[in-house]
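First chain written, first letter: the chains are A, B, C and D, and each begins at residue 1.
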Amino acid sequence: MTEKKIRNIFVNGAVDPAFVASSIQKHNTKNSIGAHSIFLGQVRADVINDKTVTGIEYSSNEEMALTQMTGIREAIFAKYPLTCMHVHHSLGKVKAGEICLFVFTSSAHRKAAIDACEETVELIKSSLPIWGKEIFEDDSHQWKVNS
Amino acid sequence: MTEKKIRNIFVNGAVDPAFVASSIQKHNTKNSIGAHSIFLGQVRADVINDKTVTGIEYSSNEEMALTQMTGIREAIFAKYPLTCMHVHHSLGKVKAGEICLFVFTSSAHRKAAIDACEETVELIKSSLPIWGKEIFEDDSHQWKVNS
Amino acid sequence: MKTTVHFYGQLTDITQTPVLELEGIADTDSMIKDLLEKFPGLSQAKFSIAVDNSLVQNNTRLKDNTIIALMPPFSGG
Amino acid sequence: MKTTVHFYGQLTDITQTPVLELEGIADTDSMIKDLLEKFPGLSQAKFSIAVDNSLVQNNTRLKDNTIIALMPPFSGG
């Protein structure tokens, strides 16, 4: 029986661009990598009924989300020849303009890295128990709906 | 007649991960952006006939490359609802493990950003007059061939 | 016999609490009946049910100290 | 009448120079004939030809002070 390693994907608040840089930097000793694909989700200041979104507050069923993410990781590694994959998702408040999702895949060649990144983003959005509460400037809110 | 702005895409040597971070950071005031897609090309330490690639030396017909890149940019913006696109390609020596290509697209929604990024990478590889000279540890070389 | 029910996302707007302890609940169908009496607004809500972290589709018998999650459609990313 | 020819990528391994000035060349076909005499190795090489930054497929007449680029298949990225 293989033991599945559960990695934490959650970060408190926004993902810092400097963290993205250090993640990239760490791969410069992995000389078999030829391509990195990165997806970043950024909170939009959408205007809905004349009110502007100032940020999104994320919550999750964390235990189920991490178990689910472990399954996604296994499925993606089984499908694509990846060197590595890193996923970070915000919990709590993320202001408009800040980064709330960081998906990072690396491979010897571009096709695998690009396709794996896109598919992982789709699976994160559709199958992880995470919810976004869009907060307006007057502190009212509505719940985000994924398309 | 519209005047095309020719932007320089070339950087001397490797693309610094800190530069990627500052590029991301600059977009936090563009509140209509919901998704960023980033592609990074990294120089592989391929082993060919028992010799290891230590780096790639890039050269270009720069004037033609920048004109061609302007056309690619126009075609991609005509096809996808992008907020912005940034492209940086190395010239000169880039060591194995370092970044030689940085393509960055942003859009309100993920599909446009992801598809535009991938298509731009393909067009850069197929249609920009740039050449990579793979340097081995004994200073011999072979010329890179794009697949 | 104790059942702990966790509410997520927009469901907490209806329940006004993230968690509730119920006593003497035999299965998920009777739990939902009980919750709809307490929170009539839940009848308008769409949600999936997890019993001890596993999603269930059909009526499921509950043991003592079961953890239930009521989860509306996901909206991460 | 002067023509300046720039060689790129692996072509410079054959020519051992990135640039060459030719005199009295009327068109691209006669330029190629001249270059093949100077650098027989070019006959094995694959390349496209640009005249003043525009790719040409067929024989093209050259004006004075034309810039030619001989470019092997691209390998950027």
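Keep this in mind: contacts are C-beta pairs under 8 Å (C-beta built on N, C-alpha and C of every residue); 3 or more make two chains touch, one makes a residue touch a chain.
For clarity, every value in this text was computed on a predicted model and none was experimentally measured.
Asker: Compare the CA centroid of chain A with every other chain's and tell me the farthest one.
Answerer: Most remote chain from chain A, centroid-wise, comes out as D.
Asker: Just how far, in Å, is the C-alpha centre of chain D from the one of chain A?
Answerer: 50
Asker: Hey, how far is the Cα centre of chain B from the one of chain D, in Å?
Answerer: The separation of the two C-alpha centroids amounts to 27 Å.
Asker: Give, as an integer number of Å, the spacing between the C-alpha centres of chain B and chain A.
Answerer: Result: the chain centres lie 23 Å from each other.
Asker: For chain B, jot down the residues that touch at least 2 other chains.
Answerer: Only 41, 121 qualify.
Asker: Of all possible chain pairs, which ones touch?
Answerer: Pairwise, the chains that meet the contact rule are A-B, A-C, B-D.
Asker: In their complex, what parts of chain B are in touch with chain D?
Answerer: Of all residues in chain B, those touching chain D are 41, 58-61, 63-65, 67, 89, 100-101, 121, 124-133, 143-146.
Asker: Spell out the residues on chain B that touch chain A in their complex, using ranges where they run on.
Answerer: 17-18, 20-22, 24-25, 27-45, 96-99, 106, 108-110, 114, 117-118, 121, 147
Asker: Over in the complex, which chain D residues touch chain B? Could you list them?
Answerer: Within the complex, chain D touches chain B at residues 6, 8-10, 13, 50, 53, 69, 71-77.
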